[in-house]
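You will see chain A twice below: alongside chain B first, and alongside chain C after that.
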Partner chain A sequence: MVAQFVEQLINGLTLGMVYVLLAAGLSVIFGVMDVINFSHGELFALGAYFALSIIAPLGSGIGFWVALLAAPLIVGVIGAGIERVTIRPLYGRNPLYHILLTFGLVLIINDLIKLVWGTEQQQLVVPDYLTQSISVFSIQLSLYNYFIIGFAGVLAVGTWLLLNRTKYGMIIRAGSQDRQMVRNVGIDIDRYYTLVFGFGAALAAVAGIVLGGYQSVSTGMGNSVIIPAFVVVVLGGLGSFRGAVFGGLLVGVVQTMMRVYNGTTLFELGGFALTIPNLQGLTVFLLMIGVLLVKPQGLFGTRGDESEGGEGEILVGSSGGLLTDSTRTKLGILFIAAMIVLPILLLFTGSRYYVLVMNNILIWAIFALSLDVVMGYAGLVPLGHTMFYGVGAYTSALVMLHFTSSFVVAIAAAILICAVIAWIVGSLSIRVSGVYFAMITLAFAELFYNAVFRLGFTGGSDGLLGFEPTMGIAGLGVPLSEISFAFMGYEIEQQIIFYYIGLLLAVLAFLFARRVMNAPFGSVIQSIRESEERAEFVGYNTVKYKRRAFVISGGIAGLAGGLLAASPTTFVISPDQTLAWIHSGEVIVIALLGGMGTLFGPMLGAGAFFGAEEILSQYTEQWRMIIGIIFVLFVIYVPRGLVSVPSLVVQRFDRFGEGGKPGIGIDESEVQSDD
Partner chain B sequence: MATAGAAGALGLAGCSGGSTGGTTTITVGSVNPMSGPYSSLGPNQRRGAELAVSQINANSDYDFEFELVTGDSETEARAAQDEVQRLVQQEGADFIVGAISSSVALGINEIANSSEFVYFSGGAAVPITGSACNPWVFRFETNTAMIAEAISAYSVNELGTNVWFHYADYAYGQSVYQRVSQRMANANGEYNETGVSTSQLGASNYGSYVSQVSNSDADIVVLGMTGGDLVSFTNQAADQGLTDDKIVIGPTQTFQSVLAGTGMNSVGTYGGVRYLPTLDTGDNQQFVDAYESEYDGSPGNFSRVGYDSLRLIAKGMNEAGSTEVDDVRDTLEGGTYETVLGDITLREEDRQATNPTWMGEIIDDSGSPAVELVNEVPAGETLPPASELGCN
Partner chain C sequence: MTEAVLETDGLTKRFGELTAVDDISLSVEDGEFRSVIGPNGAGKTTTFNLITGALKPSEGAVLFKGEDITTMPPHDRVRRGLGRSFQITNVFGGLTVRENVRVAAQSVYDDDIGPVSAMFRDKNSFDGITKQTTEVLEQIGLQHRGEEKAETLAYGDQRRLEIGLVLATDPDIVMLDEPTAGMSSEETQSTMNLISEVLADQSLMLIEHDIDLVMRVSDKITVLTRGQELATGTPEEVANNEDVRDAYLGGARE
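On to the complex of A and B.
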């Protein structure tokens, strides 16, 4: 009994050390540089893949140790290069831009890995003597378990010593507290940051090698570790390396022990028994939410609540003074007219399939619009917005399956349920701000994703099938699939009908959002984005306003999800399709591409994104990499999005005489007059 | 649509359209996971399909030619749905093969039913030709019930009666647990379920599970997981000595992709076998030779699914004397054809191919893992009645 308990404890410690390994690199980079490095997972994978290439010619005996030394060095150099070229221009900006940039890097690095090493799963062969099973006092484990614990321990201690006991570490820590002051003292802090990023990347690579030997090496390995890594870093405290270590161990041990002993009765009192619940998978996210609500700085965090996003603000798109209001209105009407005629054109040219693409764009345009309300206007960056999209889709599908197939009811239910959930999630989430807000919304989204897998009525991993909307209500109406009539010799069927419905709803959603943002409510929201303190001093209850913005946003996102379920080309609603965290990232990228804070910008961004995907995927299998490169370029050079391109071009010509290049945003906010 | 053409001139009944003077070209689509979690498996399925197309086009027995159009399912439902509809609407495909993920495949089932094209599914979950069956969906892939049949009775009768189940908590894992435990209970009165544990899909650390199983009285542990999960579990189980202490059985343990990730750690484990390049059934050897000369390495299970799914369609067209999708569909249903697995019948009730299945043991073949067949369940004995599987 005791032996088994100890054995499981050591298993928990192993898992904990795995988390420590994962989180170490991320914590260093965030703690020191304020950069949220989403590409951490891919650097982790790169380490494992380089190790494979080193072990192949050398054999597993000596190859493993050489790889453990050499591969992190290579990845460290790559990391330093990435920092120099892409992240350096972004210092001082809102952490949102780091997230977006590193998100683009994920796409690039992942496709590169597939290109170079192929998509097959591979085995990272570890020397035989390391993987034997050994039995100590009837505790039977692998030597590799002890190796992981020991190695990670040494690594953690070494990193801590480096950060806290060396001159370089002191400079780096000083820089994380006050960069300007360090510069004033005469130290080129930027050079150190390159080293730190490289070091963080190397740590990620080491983790990849050690864990690659424990699990396996595949192109999806980076994706599977990034969320746990974030959880541990947040739990331990952003910026505290010691916290990351402690957080990792805590999560590992708690997760393991709770799982192994779930169902065990702890004690009984009267008729009430306290048993350990089986929360697998949910545990980490509940822990994360708990910590963020109670002590957002994390268990060991030392940062105050200054994290409203660092020094930078969110750069909203604006066509500046280029277009007058009436011109813009006329352009808008022209655009809508073009959209109305588009399906007919597509029919005439025999490209009926593209109506399907347009339907996807319309759905995502509404989704992106919802994000703009909360991000571009209120200045809150949620990393879990896909939860509303997903809940909206599931709600609609469930209504159509179990209650009524009425389109109206299904959509209304989706909007309503999402608004309610947004109210609850929003109330809890807006207690924290900046990075913590992003993380807590991510945790909620992951909770939903995991919950959907386990609940029976959501269809588990297979999802929901067999739902179909009826255009009508209360028994009066006709199923969407049966609507069909001829127009000028062409069949107008359900996909085209749906297109017009979607277009109508998109325009209505846009007008609604614009009405709200032009009202006093919108002004208050924007003032909260610009300076929450000031808005509070003036007397506004900022919490209430932020929550309302969140509810509006959630409702609109629910509309998008409901439309997805009602779409004639959607046959399945599954968790990966609607609730996977990557969709939260995609919608943020789309909003940036188009131009935040304009409402129509993100909608254009949806068109640009899906259009680019459609076109690029016909020419190359590495289209994700190209889209990633486009993102990275946009984040650095066109942060205000597509809608700002006209004014950027004009500016470039205006400044031609002065010989300067267009500002990349930091000073622009003072120069440009947003109306 | 590309089905119209010279068919009339060549005497293929049921076709309309003018003559182009040459052979009819039928557009067939292959949707495979080329990215996403199953990206290591999709390319094999596609290669099988490509090989079939080139063989069919070169074969004078067929009066038609196939034009293959492909799509990437991204192992994800939305992308797969969009791709299938692109292949059907934009490229004019009337016949679709592919998919590996069951949730992707189930989505395509629905599209096939509503758009009325023939779909040969590559997913293994029973509902594809079970509770979610429809007249347009056929399957040459071996489903999980058939694999359960191959491993259950043999294991409980020959290897041990105390069984621990560990599965990943999603549709596939749950179905493995349900089917195998049921079959084992039916096969041997002394069967005893020692314990059950579940992990999350995508988990990568199984140390505590391995310890649990190790400390139990089980003789056998059955794993309801596949892909990366199975690889990680096997590697960690081997490291901790579980593969020596207990008999580890995984329905997909023998897969090429799993062996690639586990290497010698798999030696001593058992698994269900859907296909092996060493099989001497049907015309497998010509397939293996053709595949090896065309591509690097031997064909695996997914390659043969892509390959024979298309060949079955071609054979159906030949037998129907028509390339019209309705005629082909009617002919294929209930038909018996030669494949790389020998003669199989696409059952009339649920259109599932009556493939044989085997149980295999992983052995050490001079430093590399290899599969040795230990038990066979012949074609026709692997499937319970369709109604039992949910297809009415």
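On to the complex of A and C.
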């Protein structure tokens, strides 16, 4: 019993040390440059894959050691290159842009790995003498456990010495306290950024190699560690090395213990049993939310909330539009008219399949619209927005399964439940701001994600199936799948009916959001985005307003989720399809791609994103990589999104015109009227 | 005109061992221009933050128009008529000049706007708010620049807008935190002119360390040193006060 406990404790510490290596890099990178690096998990995976390639020709005996030295160096150089090329142009912007950028890098690196090494799970071969089982005080464990703890421990101590005992370390620590002051004393701190980023990447690669040898190497390995690594960093305190060590060990041990001992009865006394609840996967997020609420700066964090968050703003696309409001309205009406005609054209041309694509786009357009309300208008960046999409889908599916198949009731329930959850999550999250808000919403989303695996009524990892909406209410109505009639010789069936329902709801959601944003409420929300302190001091309870914006956003996202469940192509609602954190990232990509702060921009962004996916995936498996590259370019060069492209083009031509080449034949008015 | 609009009663703020503000009791009368001066570290800004609500006092009370507002959040204080301007210009940069003022004016009506109107009625359809917005824009001389973005205004105009935001919230007293910090003497003069011109109907409380400026414009001056109130009186009284000469003016000359 005790021996088993100690065994598990050591297993936990082994995993914990891997987290320490990951989190140390993440944390120092944040401390020095305010960059939240989502691609850290992919650099971790990259380390393991490079090790595979090195070990293959050399054999596991010497290969492993060569890999342990060479692979981190390669990844370190790649990391330094990433900093130079992509992150450097973004310094001085709001730190949230780094989150967006590194999310794009995740897509790119992950697809590169698939391209080079394939998608199959592989085994990183460790020398035999490291894997033999040894017994210490009747505790039976692989020597490799002790190797990981020892090796990672040496690296952690080395990093600590580097930070605390060398001149470079001192500059880096000083930089994480007050960057400007370091510059003022004449040190070019920017030069150190590349070094720090490369070093963090190398540490991540080491972690990838040792964990790859412990478990296995797969393309999903980065994705599976990045969220726990964030929990570690946030728990310990962003920018704190001590916090990363403590948090890493804590999360490693807690995760391992919860996996082994969930559902174990601790003692029984007169019919009363104290059982460890089955909270596997939930505990660390509950821990993180708890810590953030009590001590937003983390357990060892010294920096105040948002010490430098004020630098740089969220760039919204609403500024500097070329068109007058009335032209824009006319264009909008024209656009909707085209959308109404579109399915008929698709029928004529025999490309019925594209109706399905359009249905998906409409659902995501509503989802992206909901994000714009909080991100583009209130200036809050949630990294867990998919929780509302997922909860909406589950609610709608559950209503159709257990209560009534009525489409209207299912959708209404999805909106209502999501609004309520948004109120609760919002009340807790809005107390912290900036990066911390992003992180706490991520934790809540992960909480829901893990909860649907645990809960019985959500169907676990299989999800829910066997529901179907009826177009009607209170027992009256026709199942969507049975609707079918002929129109000009073409069959109008459920896909097309759903398309029009989706289009109607998307337009209504847009009009609703636009109305709200032009009302007194919306104007206060926007003033909070511009300066929360000022809004407070002209007399607004900014917390109350932000919470309301969050509720509205949650409700609209619930509508999108509800529609997903009701869509005729949806046969199953599963956790990965609706609640995985990647969707929170995707919807941010879409909103930024389209142009935040415009409402219609993010909706167009959904069309562009899935349209690009549709086209690219016909030509290449690696379409995510291309979308990632496009996204990275957008974050750097077109941060106001697609909607700002026309005015950027005009600026270009203006500059061109001033250069003394009027003969090119395009003047400003012409560009405007054509647009 | 002798009614106190703002009072502090034994206001004290401790940060650990340090007592930044120590038992300060002030009384500002309706319509008065009060200045608070003192050397660095005298507790001016802390006092300011305690009155506006950015900080909570360790002891003592803040009374506004007779009401105890000690624990009230900042936005409720603003609603009751306690306005503040910022030392560093703090306007809504991405919004138009008119919208800046309009949002500030809207806060005065916030409780009268029903929940449905707040969510769905066009923000420009409220006559009272529109009227007040136009008036304020005229007072600060930006009536022709309403459609420009606030962030594109020149520095001086942004300061005007800053004052306009305070004015639009219809305050009874305006707290000004070193409004001329870092300005040339010319800019200082025009800012003070703007304040006396635009905020003539309000009581004012100015935090400053430019003594000459304070002597010219104030009705009464409070001198703080090491968190304590050293003297309060008319500019002449303060100028002739021995303690003030020793502790502040003497120290400043060295």
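Quick note on the criterion: the second predicted complex is superposed on the first by the 612 of 675 C-alpha atoms of A that agree within 3 Å, B and C clash if a C-alpha of one lies under 4 Å from a C-alpha of the other, contacts with A are read in each partner's own complex, and residues count from 1 in each chain.
To be clear about the criterion, contacts are C-beta pairs under 8 Å (C-beta built on N, C-alpha and C of every residue); 3 or more make two chains touch, one makes a residue touch a chain.
Keep in mind that this is a model prediction, so the values were computed, not measured.
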Clash-or-fit label for the pair chain B, chain C on chain A: fit
Partner chain(s) touched by A:S224 [first = chain B, second = chain C, both, neither]: first
First (chain B), second (chain C), both or neither touched by A:V538: second
Partner chain in contact with A:S427 - chain B first, chain C second, else both or neither: neither
Chain B versus chain C as contact partner of A:V524, first or second or both or neither: second
Chain B versus chain C as contact partner of A:S53, first or second or both or neither: neither
Where chain B and chain C come nearest after superposition, their Cα distance in Å: 35
Footprint overlap on chain A, where chain B in one structure and chain C in the other make contact: none
Contacting residues of chain C [partner chain A, same complex]: 52, 73-76, 78-79, 83-84, 86, 90-95, 99-100, 102-104, 106-108, 110, 113, 117-123, 126, 149, 165, 168-169
In the complex, chain A residues that touch chain B: 4, 7-8, 11-12, 14-15, 18, 114, 119-123, 125, 131-133, 135, 140-145, 211, 214-221, 224, 256, 259-260, 280-281, 351-353, 356-357, 360, 450, 453-454, 460-463, 465-466, 481, 569-574, 576-577, 617, 621, 624
Chain A partner contacts - residues on chain B that touch it in the complex: 34-37, 39-40, 42-43, 72, 75-78, 81-82, 85-86, 89-90, 102-103, 106-108, 110-111, 114, 125, 127, 132, 169-172, 174, 198-202, 204-205, 207-208, 211-212, 214-215, 227-228, 231-232, 235-236, 238-241, 244, 257-258, 260-263
In the complex, chain A residues that touch chain C: 313, 316, 319, 515-516, 518-524, 526-527, 529-531, 533-542
